[in-house]
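Following are the structures in question.
Look for chain A in each of the two complexes below; its partner is chain B in the first and chain C in the second.
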Partner chain A sequence: MVDESTRKTLSSIPLLQTKAGPRDKELWVNRLKEEYQALIKYVQNNKAADNDWFRLESDKTGTRWFGKCWFVHNLLKYEFDLEFDIPITYPTTAPEIALPGLDGKTAKMYRGGKICLTDHFKPLWARNVPKFGIAHAIALGLGPWLAVEVPDLIEKGVISYQEKSEDTK
Partner chain B sequence: MLIMLVGDKLSHIFSKASSFNIIGAQLCTNLNWIEISTNNLLWAFQMSPLSILSTATDTSGLKFCTVKMAPSTDWDEIKRLAADFQKAQLSSTSQRLSERNCVEIVTKLIELKLIDVIFTTDGKEYLTSQQLVKEIRDELYVHGGRINTVDLAKELNVDLTQINTSVSEIVKKKEVQLVSGYLIASYYLEKIAKEINEKLQLQGQISVGELTLQYDLPADLLQHNVLERYLGKIIIGKQDTSEPRTFYTEEYLTRTKAKIRGALVGLLKPTPVTVIINHCNLTDRLFMSLFDYVKAPGVLTGRQAGAMYVPSCYTKSQNDWVVNFFKQNNYLEYDALSRLGISDPKGYVKRIFTNDDLTFLSTCVIGSQIKQQLETELEECIASKTYLDVVSLLPSVLSSTDIENILESLLKNNSKSTMLFENTVFSNNYIEGLKQSCMPITQKKAENVVRSGKYQQFHYEKQLSKSVEMSQQGHIDHKAERRDERRRKAASGKGGGGTQGRETKTKAVKKHPRSSKQAVPDSDSDEPSNMTKKQAQLEIITIDDVESIIKDVLENEGLDDLVGQVAEYLQRGLNQIALDIAKEIAEKFLQDASQNRKQTHTSAQDKINVLVNDIKLYEKGIKSLSSEQQAQFIKYLLKSLGGDVLAELCKYAANQCNLSLQTDTLTVEQRNKIINDMSDEYKKPLAALNGSLSEQSLELFYHALDVCLSECGMILKKVDKKKDKLLIQNHREKLISELENCDDPALSLHIAVLAIFTLVTQNMLHASGRQVPAIVNFLKAHITEEQFEQLQSCQELVTKFLTTSEEEKSGVEEKLHEVLPKLKNMVQDIKRQK
Partner chain C sequence: MSTVEELQKKVRELETKLAAFQSNVAPGRKKIDVMSSEVVDSNPYSRLMALKRMGIVDNYEKIRELSVAVVGVGGVGSVTAEMLTRCGIGKLILFDYDKVELANMNRLFFQPHQAGLSKVDAAAATLQNINPDVTIDAYNYNITTVDNFQKFCDTIRAGSLTGGPVDLVLSCVDNFEARMAINTACNELNQNWFESGVSENAVSGHIQFIVPGETACFACAPPLVVASKIDEKTLKREGVCAASLPTTMGIVAGFLVQNTLKYLLSFGNVTHYLGYSALTDYFPTMSLKPNPQCDDIYCRQRQSEVNARPAPVEVATEVTEDDSPVHTDNQWGICLIDENVPEEEDTSNLNLVDGVQVAYSIPVDNGTPESSTGGAVAASELSLEELMKQMKSM
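Showing the complex of A and B:
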């Protein structure tokens, strides 16, 4: 299962109610609203806990999402681009989060930079349809993945720190 | 404010609208109205609502109308949410700096020495040192001017070392000081001073020690910075001059003075200061310092805690008592004085009676009066030839050693005419009187001692023990030694003996005061020597003798407890006198003896001659008997007359050997004893003679006798026949006359038979009663038949008389009485015939 902090994070993210995908016109809006509300809450929570680690925005329809995520290791901030599409079968299918910058650098990744999520993630997601949304996917999928993979990659020297002067905290 | 726009493809507008023109065109072409919030517009076109409206109306002449809410509002909502989301993501990041980071930053800053801050103990806060100083000051104020630095550290949550550095900075500014971990401000001290003053006014007295306890501040600080500083300003009182740590109020001092005065005036006897102090509930020091101001009616013995207060009235009465007592009794006992509380009685007495002539003794002092009295009494005693019991004249408190001392000084001048026993002085005359009363018995005892021969024996034994020693040195002729001894005795007796007694007496008188003083400790060492002396000296008169005589006299005077001592003393003198007397008597005795010795020699010689002669005569008589009967007669003869001869010789020899003989007649045992005791020269021959007595041969006896006589320097006279005849005649007459006077039948018969024998044979016969029948048989041939029968019948009667029982005796006796006169007549007849 997921670790204690993740569980806590997860529990503080509001659950969603509307089961609708991008194809369900009206309902998708509702769903998207809920998604946003959940994300806002999640971000707020993260900030409150001084644990802000990603930026995310979507296109108008809310089907394509992109942004950045970063990981602090040894007081250095490693930043990666982040993108994913809302699958057509959403929310039954979980979104496939991708870090294109790391494509080909690690085994725990599908073609195109899609991260390999843990074995736990999918059943957990399946059990929680439609309550889980994007926020959950990030918290439950991307977060742990980064925590495991990034230090490993840094150690292997696959990724190295790049100074980013314009980077704001 | 709402603008109702018509059009169904709002998304189109949003996506493409980029200028006012476009907005206007879009609005016009679309038939549907959409409701757009100004917010949405603002968001979509990034322009002010007014300009949007104006452009919209200008370009297309839009109709404003209300339209039902379409689903498109949801999209607006979403946009809004998306915007919120972005805002949320952007805004808060810049605002919030996490605690972790802050700590990091600050550490970095401190590392770079860009800032100077102090951590709180939990590490969550930072302080600048100025802030800390300020906070410390505030805390100090809040706590009333006094705070512990440790408490400060706790309160401010700052490390103690930081506090301490800041404190040192604060202290630099004078109005605050650091005292034993406390920060103390000057206003605090002032506050304390006020408190102390209140307390002082309340209690009247206050000590620094007390305050130290109360305020938990060092005494020095309180003393100098509080009390002395504010004395007279805030604290109204007085510092004790002798004890700067104590402060009083004026009233308190006056009150205390009054208390002390009251106590001192009330006291009548010496009292330890501590008692007074305890009673008045004061301190030593205060009492001592105030005592001088009180003008007390008395004095203190010292300034220490153990001193005594002696009221003057007490001293006065004490002096009065002492003077009065001395005046009345003329003595003072140290004990009594110390009971009055005088610690040095001797010195005290000397001080008071400076002019008097006092005698200091171990327990008391006596005045001259007593001494004078004693002297007069003593003189009187000497004059009146009596005795003086000193104890009765002296105060009863004197110890025995004191009395001795007094007596010693007293008797110094009069020792020759007095005599001291215990504490009673006797005049010599009195003692002399006692002695005289003992003289008769002394005389008597001395005589007895010499008479009984104990004296001589004693001397002889003494001589013997001496001669034992001397005999080891060499052989000395016994006779010569004896003669020397005799001479020596005589010389000493005449020369020293008489005066010696007197000398010892006077000596003893002189010595006595001294010896009596020594007597107590020396008694042990003296006694053994006395004992040996006594052994060496014959004790003629015993202490008991003397005691029994003087007891009555002394008891009448009530001096019975001195009887023993006086007796002992007298006994010594008397014994000496008795010895002298004994010596004199013994000498006289010896002189007599030596005078008599010649007489005794001749008389013994004569006696022995007579006896030997008798024996020889009897022997002749015996020879006329038959030879078988002779042995028995010889045996008897030797036993009786031979024994007498030996006895005479023994007596003589004993006399020569200075052996005393109690009796004139000697038994066989006595004889044997004397022979054994004799000196060797006599012992052997006499023993031989004694042995010869048991032999039945006269020849042996004569031989032994000759040896003895030659040893004794005697000779036997030659036999004179005429004299023998006369002797026989005398013997015969004696026998006859004896017979005439004799009434006893057996003896009469015995004498009669012997007389007849003498008459018949003209020889003497010595025989025992048992031999009577043998003699009667012998006479048968020499007398008539009639006479013989008469004799025989008489003899039978006598044997019967001697053997028969009591009842028949009277009858036999009567018959004998008839026979006896006939017997006597017969003897007369035979005598006439011859």
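Showing the complex of A and C:
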């Protein structure tokens, strides 16, 4: 099952209430507000725990999301671009989070850099429709993925540390 | 400076490339107006029309009037499209947004020289060459996004040869999101469709026929899986997302098109659910009734429409679009689960055939999520724009 720290993180993210997808016009605006509230709370929690590790924003329609996430390994901070679309079947199906910069660099991805989720993700998501939102998908899907895959990719030399705002090799 | 050996090797490589190129641009056959049953070497339809002579199919030429949408042109979808093309289907509409990669070469249909092309364009070119009589439309987009989904629905609704709804939609996609999107579209449009799939460990697969309101839709129950008899704990997923075999995919495509032909040309029985376990060569079949509490509002609407119809016989006549007599041995509409399930059944209690199970269960009482105690979001005083701004400034 999901590990204890992920479980704890999840439980501190507020639950959403509005069951609405991007085709639901006004209800979708309500859902989006809840999404942002949950995300803001989650980032606040992370900051308070000195573990600020992602930023996200969306276009006006709330269907296209993009941002960055960071992973610290051996005191070095690695940064990745993050993006996904909200499918019309949301929130019944979770968003497919993608790290396009890592596309083709690991087998634990589908086309377009979509991360390969663990077997726990889909059942847990399905049982919590519509209460889980984007913040939960990030915590339950992306967090554990980075924790397993990034150290491995660094070790294999697939990704290397890039000094911020400096031209590197 | 190159050595003679190197130059010779290069010449051989170029000759091979040229041959491949020529084989692709070489003129195929000319279009044929009417399917002939004449048995001559030059008639590509003679063996298909023989089905008529043998009394298997009443009216094989009807296939020329029919339109089928194939969603997902990967390991299953490309083979499905090729089979329908060779069968002389009237119109094929292909949807995919992926490109051909060398990593696809363990599957059938695509060839290395097509790497980098969009799957739908590469497939359309090959298929058109195999059979110029087929009208082929190719759409290169992801159907699950808001704008594309609308285009997808419009195409399903008006994409047939006569400008009406297509005769059948075949789902050959590889992910839950796209299946749910097809399910949503077909429930809304009252469109019959087949779902198909191969498991991520490549050793099981299934097809499922969905008649909105009559058989269980894809949202009526959690996803069904064919037991592979592999202990899940021993299933290693380290370092890979999914495996695939051309065999399993070819078999599933074969089941899919076989049942498509039976449905379109009204012969034999169309199987509602057919599973395949490769490790044990086990093929469970069953029928599934729709869930009255299905999450999809259009599924529930279709169910009440079906319930309002007079007799179950009508279910059978619906299959054959013309007025030709219904096959008397058609087991259509007879559900395995009718016999032994009490009326007041718990809807989560599906009656599944041995060897098929749900991928996961969803508790009936969805009131308290098992893993969250953080409370619900409170109604916010702030507008969406203000919340967006707040998030951006963090």
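Criterion: the second predicted complex is superposed on the first by the 164 of 169 C-alpha atoms of A that agree within 3 Å, B and C clash if a C-alpha of one lies under 4 Å from a C-alpha of the other, contacts with A are read in each partner's own complex, and residues count from 1 in each chain.
Following the convention adopted for this analysis, contacts are C-beta pairs under 8 Å (C-beta built on N, C-alpha and C of every residue); 3 or more make two chains touch, one makes a residue touch a chain.
All values reported here derive from a predicted model rather than from experimental measurement.
Visitor: I'd like to know which partner A:A147 touches here: chain B for first, chain C for second, both or neither.
Guide: In the superposition, A:A147 touches no partner, neither chain B nor chain C.
Visitor: Quick check on the superposed pair: does A:S12 touch chain B, chain C, both, or neither? Answer first, second, both or neither.
Guide: second
Visitor: Once the shared chain is lined up, is A:D119 touching chain B (first), chain C (second), both, or neither of them?
Guide: In the superposition, A:D119 contacts chain C only.
Visitor: Once chain A of both complexes is superposed, is A:N128 in touch with chain B (first), chain C (second), both, or neither?
Guide: The second partner, chain C, only.
Visitor: Counting only touches as set out at the top, which of chain B and chain C does A:D50 meet: first, second, both, neither?
Guide: So A:D50 only meets chain B here.
Visitor: In the superposed arrangement, does chain B or chain C reach more residues of chain A?
Guide: Touched residues of chain A are more numerous for C.
Visitor: So, A:L32: does it touch chain B (first), chain C (second), both, or neither?
Guide: both
Visitor: Should A:R23 be classified as contacting the first partner (chain B), the second (chain C), both, or neither?
Guide: second
Visitor: Between chain B and chain C, which residues of chain A are contacted by each of them?
Guide: Comparing the two interfaces on chain A, one with chain B and one with chain C, the shared residues are 29, 32-33, 36-37, 39-40, 43-44, 47, 55-58, 62.
Visitor: Which residues, counting only chain A, touch chain B once they are in their complex?
Guide: 25-26, 29-30, 32-33, 36-37, 39-40, 43-44, 47, 50, 52, 55-58, 60, 62, 168-169
Visitor: Can you list the chain A residues touching chain C in their complex?
Guide: 2, 7, 10-17, 22-23, 29, 32-34, 36-41, 43-44, 47, 55-58, 61-63, 85-89, 92-93, 96, 107-111, 116, 119, 122-124, 126-129, 131-132, 136
Visitor: Spell out the residues on chain B that touch chain A in their complex, using ranges where they run on.
Guide: Interface residues on chain B, with respect to chain A: 11, 14-15, 71, 74-75, 77-79, 81-82, 84-86, 88-89, 92-94, 96, 98-101.
Visitor: Touching chain A in the complex: which residues of chain C?
Guide: Those residues of chain C that touch chain A are 98, 142, 144-146, 149, 175-177, 180-181, 184, 219, 222, 232, 237, 239-241, 295, 359-360, 362-363, 366, 369-378, 380, 382-384, 387-388, 390-392, 394.
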